[in-house]
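Can you keep this structure in mind? I'll have questions shortly.
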Amino acid sequence: MNAATTNQGPLLTVDDLTVSFTTAKGRADVVKNLSFSVPRGGALGIVGESGSGKSMTSLAVMGLLPKGGSATGRISFDGRELTSLPEREMRGVRGDRIAMIFQDPLSSLNPYYKVGTQIVEAYLSHRSGVSRREARRVAIEALERVHIRDAAQRIDHYPHQFSGGMRQRIMIAMALSMEPDLIIADEPTTALDVTVQAQILDLLSEIRKDTGASLILITHDLAVVSEVTDDIVVMREGAVVEQGTTEQVFSDPQADYTRRLLDAVPRIDDEIGTLRTTAIPTVTGGTR
Amino acid sequence: MTVTSTGIEAETPAVGDPAHMRTESPTAPGRRLLRAFATDVPAVLSTGYIVVMVLAAIFAPLIVAVSGWGPYEFDQTAIDPNLGAIPVGPLGGISAQHWFGVEPGSGRDIFARIVYGARVSLTVALSATVLTTILGVVFGLLAGYLGGFVDTVISRVMEFLMAFPALIFMIAILSALPADNRVLLLVLVISLFGWPYLARIVRSQTLSLKEREFVESAKASGATHVQIIFREILPNLQSTIIVMATLAVPGYVGTEAGLSFLGVGVVPPTPSWGQMIASAAPWYAVDPMYFVIPGAFLFLLVMSFTTLGDRVRVIVGSGEVRA
Amino acid sequence: MSAAPLSTETPLCRATGLVKDFATGRATVLGTKKSFRAVDDVSLEIRRGETMALVGESGSGKSTTARLVARLMEVDGGTIEFEGQDVTALRGRELHDFRGKVQVIFQDPFSSLNPRHSVERLVTAPLVYQGRKIPGGARAFTRSLMERVGLNPDFSDRLPSQFSGGQAQRIGIARALAVGPKLVICDEAVSALDVSVQAQVINLLRDLQADEGFGYLFIAHDLAVVRQIATRVAVMSQGRIVETGERDAIFESPQHEYTRTLLSAVPRINPEWDRRRREAERRREESAAHGVPAAEGAR
Amino acid sequence: GGGEEPAANQETTGPQSGGTVHMLQNADFSYLDPARGWDGGVNAFYRLLYRGLTMQTSGDAEDPNAIVPDMATGLGEASDDGLTWTYTLKDGLKFDNGDPITSAEVKFGISRAWDPDIGIGSPYLKMVIDAPEDYQGPYVSGDLPTIETPDEKTIVFHLKAPFPEFDNVLSQANAVPFPEGTGAGDEFISDVIASGPYTLDSYTPGSSIRLVRNENWDPETDEVRKAYPDAWEFEIGIDPATIDERMIAGQGSDASAIASKISGSSLPRLQTPELQERTISADAYCTTYMSMNTSKAPFDDVKVRQAVNWAIDRATVQNASGGNQLADVATAIIPPAVTGHKEFDLYPSEGHAGDPEKAKELLAEAGMPDGFEFTLDIRSQPTAQAQAEAIQQSLEKIGVTANLNVIDTSIYYETIATPAKQNDAAITGWCPDWASSASTFIPPLFDGRNIVDRGNQNLAQLNDPEINQRIDEIRAMEDPQEAATAWGELDEQIMELSPIAPLVLEKGIFLPGENITNYYPSTNMTDLTIVGLKDPAKS
Amino acid sequence: MALVLFLVTLFTYVIFFVLSPDPAVQICGKNCTPDRIDQIRTSLGLDEPFWTQFFTYVGGLFAGRTFVVAGADVACSAPCLGYSFQTSQLVGDMIVQRLPISATIAIGAAVLWVLGGVTSGVLSAVKEGRFLDRFFAGLTLGSMSIPNYVLALALQFVLVVALGWLPFPQAVRFGDDPGRWFLNFIMPWIVLAIGYAAVYTRLTRANVIETMQENFVRTARAKGLAPSLVWRRHALRPALTPIVTIFGMDIAGLLGGAVITETVFGLNGVGKLTADSISSNDQPVIMAVTLLSAFFVIVGNLVVDLLYSAIDPRVRTGAKA
């Protein structure tokens, strides 16, 4: 699919995106005037504190904002404007061209269906005229690609029969079975311990190398971002505080917040001392 | 009987969901609820109706003194002996004298009987609710928290009670027992069969609550079982209990009515709404008002409690409650 | 693995050969219950004023060990000594007193704080459960504790849900401090927090330790955090402790294969970038000292 | 069916042969076996299936209470000492299986009454006919020597004591023939051997019974039964209110249906001309009364009992019973429809509304000017409750408080019939076992020698030697006329003592379907054997 | 489970045979003598010690027993539910005879309430907060509030008496005339179903709304599935799991619930049998009906457990809590 390029600009351009919720207390903007772009084959990291709007941004791109949420601004994907795309066509984009890996792998897989079914159903709904047998073969292949052993048997297991790390890989397999142009991975490794995390990150880069897909990696783990992405967007309270290439941001952060964030990252091989948190106010209101 | 098994468990908001966290100013939770409540039209209307009925029940003698006819007084002039003793005049004999008409066969004032009937219906329903709630909460908590042998025993008893066709048993028990204090008996029998439904829910919630870390952390601070049950767990059951209780009230009004309909309710001549509806049933074609009036009062009461339960759940549920 | 005492002083807490089995599946008519050994011959020693870190993969038995040490679970083997006294089988009054000396801070502040209780109620609860008098009254006591953990004392009426994660975790800490414990067990107390908040909490824990001199049993799976706070480290894998040692020894020359895997998997920020950043920082500070305002904002 | 006649021609059509008559009823019949069942409803049903030596005459007769011969050629011939009664059978009598009915079968059928498990129906055979002390019916003890069958047509009964009304005893449902040796155990529970005009076609307990013609029944041998319809269908288990609705609507087969009494609440709906035309009113055979327990205070004082009789507002009780169409006020014990009734009112008042003044005077004389409290046992049944409430209300006026004790219908009679369990008063009713005489009305209720620990009928526990003696005297009277007058007088004599307060006589309003004819409903026993259809084709 | 059933049996036995009045007196009838009562007591075995009677009864349940009726033996094969001396029938036969009607009513009502309740629940959830949702909310409230005997009489009055659209309910067999069968049973179905339907509507609505918030539904949408597929496959099935749970119990408990419906409409099913035997104090029948419905409740619970594991793979394959 990724060969079907219509122009040579960036794959995804988000321009002036604002996501707001109407709540009992009125309108709340959770993402404010956000702009960024992802080049073809490139990897973008979005970092920031919890609740800063990272997930909402990605859901806005997918057109899957939860109830009560709405997005304004422009999201152009491969030359097409997604915000004004009819739901029917948007469905064609989802899964097929943009795939998303959600944060919590257990709750993101339907516990009532075999994992195979869940992979196959996406494939079947996007590829008309494909037989079940063929779809199943593709699913097994996808599982093999994420290093699930005995994929041909495991395809008939239910999600709960897999460990957390495996479930995460199944989500990735599901996303990759369609060979999308863009993968959005929302905190794919937060729940995992470092060894499993490393496996998954390796897998992602391997696949990108194979298919040339672009990646948006959302996380609050700065070390992970530094290892995987080319560009980075730092968010806070719904707004961008800093963006640039990963190297730039890490080696010469401009925003005060980014600097504080980087200071706060505990380093395994760093000298021991008080973590630098000085500028972060100790007592704020009650919000999180 | 089915009213009790609603989706409380299903409708409680997910634990720890950030969407449910509020950042309001720290007023006392009680006051905030009250304010939310006062602005909720259905809640206010249903509370209003319930309050009026409670007052009517309490002040029944006074009200009847004003309306002029007592609940037991026969008025032979208001019925027609030639026509099966049906009320004289249209609409079941509604007149300036008899505001809601009269009872066929006796000419007793329906208004007075409605007002007095509220006493029985409300007493039975409210006391049974209180009793079932206490039993259900205590046994549910004990079974859920203590587990093991206690749980086995309580669960078996609950299963045992629920396995009985409650209505059949109530009829059997009530008809076998002397009718001396039917109201008390009704309350006891209804409660006996009613508590397992609440207890079951309380138990299952307790089972999950006791696994919560705050219980473990209380335990780690040396809290006794009693302290854990009543200080740590009970406050988290608050909304479930409120909702279950408000849903129970209509159930019990209906049960009392049903038992009276089947002839094992309150002893005549004491009126209850259920008994009135029961005796009105055969007259539904010739004297529909006799049936419609107590029916409407009961319907509104049941509806008020159901609505109230609903609104309380919505209001309490939308608060800072995370359990 | 034996825990030979490293010093002559009696350790604050010593666990020897702890074993815990969990039943898996029901007992059948034919056979006995199957069981799963979550903690297998674990020995640990925590000295006064020291932070013992327990690291390891998910499911390796860290929390279970913590619960055993805190006597929140019965051991299936082994002994626990606290201040030289065998507490493995304490009951009743004595267990109650032991609870006053060991406190636990859990991973998720929101689930370990009763959502229905105000800060004041939460913080004073351990004293109530210990049956002790609240020095200076509940209100004043709460305020002083809140101040100590860096919370605004005016919020003592709030419910936990009205605080952010980092703040809520501080309530948990305040609560643990209320009874003046000797040993504080932190079960992944900072894992759920994002880095900036995490840093605040770690600093707070360190400061408090300096003031009060109690011991920590600090459970984490993030080795970077452990490196910051621990004095000694024990590495767990599949219910066993595979390696124990002084922090630097573990981090610099890990002996066990598993420890090495663990360490190598930790993602790192390119050290070169870090070096450049510090340099830029220094320059910025210097120029700030010279009165030139630093540029701020997005590029 | 035979009716090809146009339906318009209704006035001229009497009952036609053929068709099916339906009967809607709430409760099932107690037993198909006449030795077991004994109540008004089932007695009427038995007439369709069984024949006896004598029977109550047809429902349209001038005196429907009269007893006439059935299988016998005439009424019984008593010996001079009144101890031996002889009957002769008609010719051509057969069971539904074609076997002839001879005196041996009659004797066998009658002897079943002595079986302790089967003979639970009418007790009169056992009470009146002499039998060995330990006789336990044909299945256990074999032949009953005190009934003789000298030949196939003749049957001779030996009585314990003279019983002038013995013809009545043989009209009881259990005095019917059965082939020898049949009917043991539960044989007649679900199937029977019929001797009457119909035989059982199908029976689903609690829901339906279908009777079809007994081809072996010879109309020539039967003066009373007409048996017009070809079949009977009893629909059982229908809610009373629904029965009323269906009878009023009269759709489809309901036009060829009959049912029991219409309830008071449906009465106002019968006011249209068409329905009025169909409506038939029937006299009461039973008296509804409140008994007062004379064995203990306060009702051991005759003044108190009289005061109650004075005070009761019988008009309100009448209204509670459904108004004047469904009930008459009762002032005597024996109802007008029963032979022996005497019209009198010892406690009269304007419009039967009670006389509280008189009552208070009497109470004062009895030393209870402020009244008293007592417990009134009632059935958990709406009418009984309404009647009790009316009494309660009228006694309230003289300061007497009646506390109602509602007892479940199923155990009510047992409770009040056990003196140890009975309270101060009870509301109940009494119907005669045969209406041609009050001998089954007064003695069971007021003979002091009948008071027993369990199954007591003398609820007032009145034991007055004078009355007891008078009962014996009247019973011995050979002349029915004389006896009838004497019973009426005794009625008044008893009411002086006021052991009970007669309340109302509950009449019946019946609404047969429009295709029904020759229907003479009765609150005692409706004669189903003469009922027919106007147009059998429509059934 | 067996224990519960045993206890139910024991308690029912105690209540009906010990606490309630002497059945012998009732059988004895109008002209009863004390001798005769004693005789009946002996023939019923009522003079035996309680435990002997009880174990004879339990023995009958498992091994069958023989009753002596009027001197003759009546065999009652296992499971022997007793003999009703009032109606002179084996209780088992009485129940078996009436079961088809009750089953017709119960199954019809169940179909109605499940279809009605789930459909309106799903519609309410889809149109959450809009007119249809409010409409169903009102309807639900109304039907939860109205006592079902009131509804029964009201329906009968309106549909049968006033409008004449339906006949008075009669136990027509399906095989005889399906059309008439339907018309005859529709009212009982509605009356019995409406209370349940209300509860199911509420439950379904709440569950569907909740499931729609689930992450896996979001995943399904992220895969680009058609909305109908998302609804049907991913939202409805999990939402219905708890409904299946309560459905099993409700169906089991219907026996008691049918009492009023069957009585009001005069349909001769087990419910009416229950009501009749209560009013005539026919203890063996009451006993049997109680046991039967306890049995249904317990089996219902068991079936639910099985169904639950059939529906939810997590239960089936023994997931950790």
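Here the chain labels run A, B, C, D and E in written order, and each chain numbers its own residues starting at 1.
Convention: a contact is a pair of C-beta atoms (placed from the backbone, for glycine too) under 8 Å apart; a residue touches a chain by one contact, two chains touch by 3 or more.
Bear in mind the structure is a predicted one, so any value in this text is a computation, not a measurement.
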Steps needed, at minimum, to go from subunit A to subunit C via contacts: 1
Number of hops, subunit C to subunit E, where each hop joins two touching chains: 2
Centroid distance [mean C-alpha coordinates] between subunit E and subunit B, Å: 23
Approximate Å spacing (C-alpha centroids) for the pair subunit A, subunit E: 52
Inter-centroid spacing, subunit D versus subunit A (mean Cα positions, whole Å): 90
Where subunit B touches two or more other chains, by residue: 21, 23, 175-176, 281, 285
Two or more partner chains touched - positions in subunit A: 286-288
Junction residues of subunit D, two or more chains touched: 241, 245, 408, 410-411
Contact footprint of subunit E on subunit D as seen in their complex: 26, 28, 31, 36, 38-39, 115-118, 120, 122-123, 139-140, 184-187, 189-190, 204-207, 236-239, 241-242, 245-246, 249, 408-411, 413-415, 452-455
Complex interface listing, subunit E residues touching subunit B: 3-5, 7-8, 11-12, 15-16, 19-21, 141-142, 144-147, 149-150, 153-154, 157, 161, 195-196, 199, 202-203, 206-207, 210, 242, 246, 249-250, 253, 255-257, 259-260, 274-275, 278, 286, 289-290, 293-294, 297-298, 301
Interfacial residue positions of subunit B with respect to subunit C in the complex: 15-16, 20-24, 26, 28-29, 212-214, 216-224, 227, 231-232, 235-236, 238, 320-323
Touch list for subunit A against partner subunit C, complex: 49-50, 164, 192-195, 197-198, 201, 220-224, 226-227, 240-244, 247-248, 250-256, 259-270, 272, 274-277, 280, 282-284, 286-288
In the complex, subunit C residues that touch subunit A: 57-58, 150-152, 155, 158, 162-165, 167, 194-200, 202-203, 206, 221-225, 227-228, 251, 261-263, 265-274, 276-277, 280-281, 295-299
